[in-house]
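Take a look at the structures below.
You will see subunit A twice below: alongside subunit B first, and alongside subunit C after that.
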Partner chain A sequence: MSGKVDRSGLEAAMRPAARLKRIGALIGKESKQIMRDPSSILIALVLPLILLFIFGYGVSLDARQTRIGLVIESPSAVTEELAASFDGSRYFSVQRASDRRTFETALVEGRVRGIVVIPAAFTEDVSAGRQPQVQLLLDGGEPNTASLVDGYVRGVLAGWAQQRAVAAGAAAEPAISVAPRYWFNAELESRNFLVPGSVAIVMTLVGTLLTSLVIAREWERGTMEAIMATPVTAGELLIGKVVPYFVLALLSMTLCVVLAVFQFGVPLRGSLIALYILSATFLIPALGQGLLISAATKNQFLASQVALVSAFLPAFLLSGFIFEIGSMPWPIRLLTHIVPARYLIPGLQSVFLSGDVWPLFLTNMAAMLVIGAVFFLLAARNSRKRLQ
Partner chain B sequence: MWLRLKALIIKELLAVLRDPRSRFVLIMPPLMQLLIFTYAATLEVKNVDLMVLNRDGGYWSGELVRRLEGAPTFRSIRFTRDPEALHRAIDEQQVIAAIGIDAGFSREISAGRPASVQLILDGRRSNASQIVGNYVSQVVSTLGGETPAGEQAAALTPALVERNWFNPNLDYQWFIVPSLIAEIGMLIALILTSLAVARERELGTFDQLMVSPLSAREILLGKLIPPLLLGLAQMTFFVVAAVFFFKVPLRGALLPLYGSGLFFLASVVGLGLFISSLCKTQQQAILGAFLLLVPATTLSGFATPIDNMPGWLQPLTYLNPLRYFLVVAKGVFLRDLPLSEIVLQTAPLALIALVTLSAAAWLFRRRME
Partner chain C sequence: MADAGTGPAAEGDIAVRLEQVTKRFGEGAPALDGVSGEIRAGEITGLVGPDGAGKTTLLRLMTGLMLPEEGRLSVLGADTAEDARLIQTAIGYMPQRFGLYEDLTVAENLTLYADLRALPAAERQAVFDELLHFTDLKRFTGRLAGKLSGGMKQKLGLACALLKKPRLLLLDEPGVGVDPISRRELWKMVKALTGEGIGVVWSTAYLDEAEACDRVLLLNHGKLLYAGAPQGLTARVEGRVFHLTGMTGRRRPLLERVLGEVDVVDGVIQGDAIRLVLKEEGTEKPDWLAGEENLSLKPVAPRFEDAFVDLLGGGPGGRSALAEATRKRPIDGDETVIEAAGLTKRFGDFTAAEDISFTIPRGQIFGLLGPNGAGKSTTFKMLCGLLKPTEGRGRVAGFDLRRDAASARGRLGYMAQKFSLYGDLSLKQNLEFFAGIYGLSGKHRRERIGLMSEIFDFSGWQDMSAKELPLGIKQRLALAAAVMHEPEALFLDEPTSGVDPITRREFWTHINGLVERGVTVLVTTHFMDEAEYCDRISLIYRGRSVALGSPDELKASVAGPGLEQPTMEDAFIALVERSEAGNGEKAA
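Moving on, here comes the complex of A and B:
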């Protein structure tokens, strides 16, 4: 008798309409919680602003006006010409002296990044038609800057030699010239690829960090068990938890796009539909990872740290956002394949800078869906198992 | 007072070390960062895939391709005859750069006339493609120096004799590992402290502390000293790893490094305590710490030089403790930075520590009353 009642109750509970109603109620509850907690809003709306601001203005890989010391051991008209070439370069801010010791302390203390020495024999070598020599002391403590400065110094020297050759009657053009054309970003603004990339970081923050934190809190406080004691199934619960953050992440993404286009002047050459489809696909693994972390840790502090290490840092470091994946050692290259952001970054950069490249998008979306499915399955298993 | 303080410090340390989760935080994130950062965070460009559309069948174009194949930067070179295929390869990011050589390239060069190659680069990855562009230009200009028309200018180009101070082979790890000592020190000290108060408040154990005979100052010191000790322990671990595992040369003295490090950690702990006294829940404290960490790491000179930032933004970095300690950590390791310079960088840290700790103490007292 009582078994029969139970079963009809169960059947009623499994009806689609009842399901939808429960999911709706869960979504409503979760949304209210987001709105009431200032820290969620902080992460979803203020942090994107800060990140975009940083990547739009603060982080720049373009070295301009690097401070160097120029040492001319014995000045002449020839060395003056070469010095003028250095002065004229937009990459350097040049200080001059006649003794390299003037700059040696400055190099140790990082006040100049390189010392160019034009030795005493330079003028004589040039007039005798011998190949002259220039010395360059670089600050190896900053290897990036050092290799940039090295390249720029070579450029200045080659330009100067070309000028002299022209003056001596050679053709004005170099024997073989290279005409580089940078497609999609002719002005080579690093902002144009950093700002789209930071959209992926923002969505990782909302999708994984915030989600894992909030759900871990429910586990920690025991309210998760309370919800699970109701007729809600594990699947419904996951959907109810995830949908509000899905919407929130898309809102942050929209905010970023508006800022990118109108504040930072990043072009948006692809379609908005492609942008939203890509972002929505990315949120599946991102939210799945958040759920998995919260179900596995059941503790806010731990969840935040795991999310930091497994989602935020990889989105930054292992996604091709700043550092080229191809340059990494192979074990790390292998590791990048399970980082969802790795599949979003090329899509984002294309939608902004080149346009819709569907073959590229579709393969990346497939990869994100696979990773997302794995995360969701693991999360569902983890939530159920812990309850029994 | 000392006895009570000692008891509190021991309790705080035990609370962190006995808790498996806190232990996880002390060990895993730093270790992961150390391994991933040092190996992944390189702005070098290697294993580059290239496409060549060669319409010239002559000697010089063949020589150019051979040299590109021989250059260690390039992993593979694909050939095509179809401009459409080239277009697609760039669009879909199969290659980062493509070279076009026109028919008659070799003929022009042999005749002593200037010739040119086209280079198409993927501007979506503007940094990497810029570096690839430089590599290709270098190969081309070396080749140009051997052509009949180029020999003259090549003979005039000064030979560059370079020497890299502090780091002869420009080993990127020598730069990143000392930087990480500073960066992770900040992460650990900030997270541990910002959570210290918020967690106790959320669990209600903070009230227990307040009804104990401890004064506000003692509680504050009890919250300040354990993260400092843990931060120093962490730093020691990293110094040992840097010297013995990554073989980074340690040219300066350790004492100034630790002296400066103490002020650095104190300023960060002050920030952490300040955040945690502002927050009501753990979640707010975690997110607050995070909100501070992101700009603090990116605007410190850690990833990109402060000199590259726009002029109006640079003064803002003076408020960032990480900025100063990065100079000290890298300086002590590689440059044997003079003591005067270390003091110069540590003075602002002391000032920041004074301000943040007093602010935290003030907020702390106000909350307690």
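Moving on, here comes the complex of A and C:
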């Protein structure tokens, strides 16, 4: 036996057919593992279902039947009329009292979200034709709710004033009347934009969290080392990981969409093609990030923490899914530009609620591709076939 | 460095050539420091050394998965820095945990590696059949790899590494935690491969494995201490190794005494005898045994470990400052301190330990010997009150573990596997924490902590976090934490796994000293020679106690024609086989 290793073995191993065979073997292996591993099923199928149900049924950003306290310091026919307008509003559930102190503790404890005070001078001011004053106390600890209550209270007051004007036989129409119509989400159902948004969250879970976990697990169990000592190349290993989780993420996405449309009645006004093209593009940065995380950490616990903080939370908070990017301070707004989900959410929302808006889709897809390319380059640099 | 091998090899027979290989990880001492040597085709080369010696790093360098900072490696004639992929087509590598996918079946694992190694479809069936036959896994092809026993996993790992007949086979600690029967079978298989000209590198921390290799590279702290045939190393202590026998009464005080003599390099308890390595050859009774008529020195064959200790400059001496600072409890006769009576633990329909019974009198060391997964730790945990037995009962220091586990735990010291310290706390904080949980307080606590720091020489390490401590210091710290409250009973779970022989001796010197002070010790181990430090041992195999007795009794019970001088491992294998045969008869 001669000492030199013979090069024909390497040439044979690097033929395209041999490469394809290895990639096929890796994909097949990964698929079997996904099907047998309860944690993959949990992240890819069960978690999306739970998330969708929470957003579909549990979370609502609309204020309906918000509890407020109504303080009437000196009752009269006029104040009774105004109180009736509050009672009649579908936004409020009203409790009454004659002293504001009655509600102070309730406001502190969050049992009411606001206190409307109709002062003793109110009736007199109205009858004297002076501008009447109403005080509104709000819980600034919940700014979203506070501003909603503020808006609704103003609405009720304006409605009441107009009614009085009409009743008084004054000019029936105010100078300008605004007739709002909310396009794309006519009833302003928050479910209609939360459920499509959660599709992005689910794909982040599968694309980034699950992918980084399974690769880190291979490092922990020593299988990565064993595989790397075979003629397999780093590129083949990467493809072998990316393809199965790409398919799995699209499956979870499909599950979410079916549920959103048939269970929650969210409209799907755009085309399925657009939906899949957008989602597939989003998966490029998502998977790239997962690969990068696992290459850098090589440890499941650390990988899950990094994935949660760098992918899952930004997809939630910095993507425009729940908080509008336009109202963020500028440094945060700048930061959102590197969050891939930020470019998916507007697209998803238009596919569901308005239709295919290709100019919007294309610019967003371009941004996702750029981020994805950066992640993949970094991941490839980090996962050359070397242990360190 | 003497090369006591079989003479210079022809260039064609060299599988791996190491030239001044240095590998660093961050700051501090290099993991490998200027290692040169060669590995030959058609031989088993042992890569021998304690944990942290650099064995795994060297193997990874040979696969081309890592590159050295200095020096070069030539594997099968190719340089690892330039031709890693070429090398990877011609080697088989089994990493420490065998590199198997636990959620794939045996057949799926084989197919995956066959695909990755481009084994032609035409040959595949024949190769699978041959390997499955070779590893005796044919019956289990449909079983998930995660559901195989340690021995079977090891064989499957080997089969995966052998799929495309490699020219060089690299095995990283294949014998760890596997039962001796499987270990012996694996050895036979690997030996058969060398007959076909395959070069094998077998890394190990077990010095008895090293002895069986054709050649060894002995590493310690990243430095190559010896390269050559193991006999070349043992030759340096030839004629200097003896059994001291004939003592009446306790052996350990005598061991302590003789270790104090200047011409004694090393000494350990071995069954009923004391094994000694002396500085000089000679058959005359040394002066320090004059007047001890009944004691006699009998020359015995040297072992690799004797030579390793000699090479490192000898053992640490026999005095234990820890024992001297420990309150003495009188050892009188047969007072039982630890008792297991019919201990049984079932998890669902799996019986982890079945009907385990033994008693340990005060001042004795009792060993539970068996491979990983045999039920040692389960038994152990039941006796510490950490696990509730399904049946049977246990007593420690007079307390029933069912009724009074908390009181019993206050009387015992526990050193868990791998020294379960708080890695992110400093050494000092660890000591304070353990003093706290054992209820030491105030002046007493400060005194004990101070004493431990002095005895174990912790100055200089106090503020380092425990996970960064060297293995030897970690082990001292774990022992200090376990004995700080002067327990009556000491539970040691695999206490010296992977440490170098000097550290191991230092540890046992303390244990021996404590035992003389009336501490009772229960130890689990899978090291056959560590079992011989015990007064009595129980062989645990598949949840049952296969045999119980003193090491010499067990060895004697299997001695016979063809096996005049059985080792502990021979005894283990023979007794397990005997017990299996007994079960077979019962079943029939």
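Note that in this section the second predicted complex is superposed on the first by the 378 of 388 C-alpha atoms of A that agree within 3 Å, B and C clash if a C-alpha of one lies under 4 Å from a C-alpha of the other, contacts with A are read in each partner's own complex, and residues count from 1 in each chain.
To be clear about the criterion, a residue touches a chain if its C-beta (ideal position, glycine included) is under 8 Å from a C-beta of that chain, and two chains touch if they have at least 3 such contacts.
Note that the coordinates shown come from a computational prediction; the quantities given were computed from them, not determined experimentally.
Enquirer: Contact-wise, after the overlay, does A:L138 reach subunit B, subunit C, both or neither (first, second, both, neither)?
Expert: first
Enquirer: With both complexes superposed on chain A, which partner does A:T223 reach: first (subunit B), second (subunit C), both or neither?
Expert: second
Enquirer: Please determine whether it is subunit B or subunit C that touches the greater number of subunit A residues.
Expert: Answer, by number of touched residues of subunit A: B.
Enquirer: For A:K32, is the partner it touches subunit B (first), subunit C (second), both, or none of the two (neither)?
Expert: second
Enquirer: Once the shared chain is lined up, is A:V232 touching subunit B (first), subunit C (second), both, or neither of them?
Expert: Touch partner of A:V232: subunit C, not subunit B.
Enquirer: Is A:P329 touching the first partner subunit B, the second partner subunit C, both, or neither of them?
Expert: A:P329 sits against subunit B, while subunit C stays out of touch.
Enquirer: Of the two partner chains, subunit B (first) and subunit C (second), which one does A:R22 touch, if any: first, second, both, or neither?
Expert: second
Enquirer: First (subunit B), second (subunit C), both or neither: which does A:D150 touch?
Expert: The answer is first: A:D150 touches subunit B but not subunit C.
Enquirer: By the touch definition at the top of the document, which applies to A:T102: first (subunit B), second (subunit C), both, or neither?
Expert: Touch partners of A:T102: none, neither subunit B nor subunit C.
Enquirer: Which subunit A residues contact subunit B in one complex and subunit C in the other?
Expert: Common to the two interfaces on subunit A: residues 37.
Enquirer: Using the touch definition up top, name the residues of subunit A that touch subunit C in the complex.
Expert: Touch list, subunit A to subunit C: 1-7, 9-10, 12-14, 18, 21-22, 24-26, 28-29, 32-33, 36-37, 221-223, 225-233, 385-388.
Enquirer: Give the list of subunit C residues in touch with subunit A in this complex.
Expert: Listed in rising order, the residues of subunit C that touch subunit A are 11-15, 25, 41-42, 60, 63, 65-67, 75-78, 84-91, 93-104, 108, 111-113, 115-118, 160, 167, 170, 197.
Enquirer: If we count contacts the way the header does, which residues on subunit B are in touch with subunit A in the complex?
Expert: 21-22, 24-25, 28-29, 32-33, 36-37, 39-49, 60, 75, 90-93, 109, 113-130, 133-134, 136-138, 140-141, 143-145, 147-150, 152-168, 170-172, 174-175, 191, 195, 199, 281-284, 286-288, 290-291, 294-295, 298-299, 303-305, 307-310, 313, 327, 330-331, 334-338, 341
Enquirer: Quick one: in the complex, what on subunit A touches subunit B?
Expert: 37-39, 42-43, 46-47, 50-51, 54, 57-67, 82, 107-110, 122, 126, 129, 131-147, 150-151, 153-154, 157-158, 160-162, 164-165, 168, 170-171, 173-186, 188-190, 192-193, 209-210, 213-214, 217, 297, 299-302, 304-305, 308-309, 313-314, 317-318, 320, 322-324, 326-329, 332, 346, 349-350, 353-354, 357, 359-360
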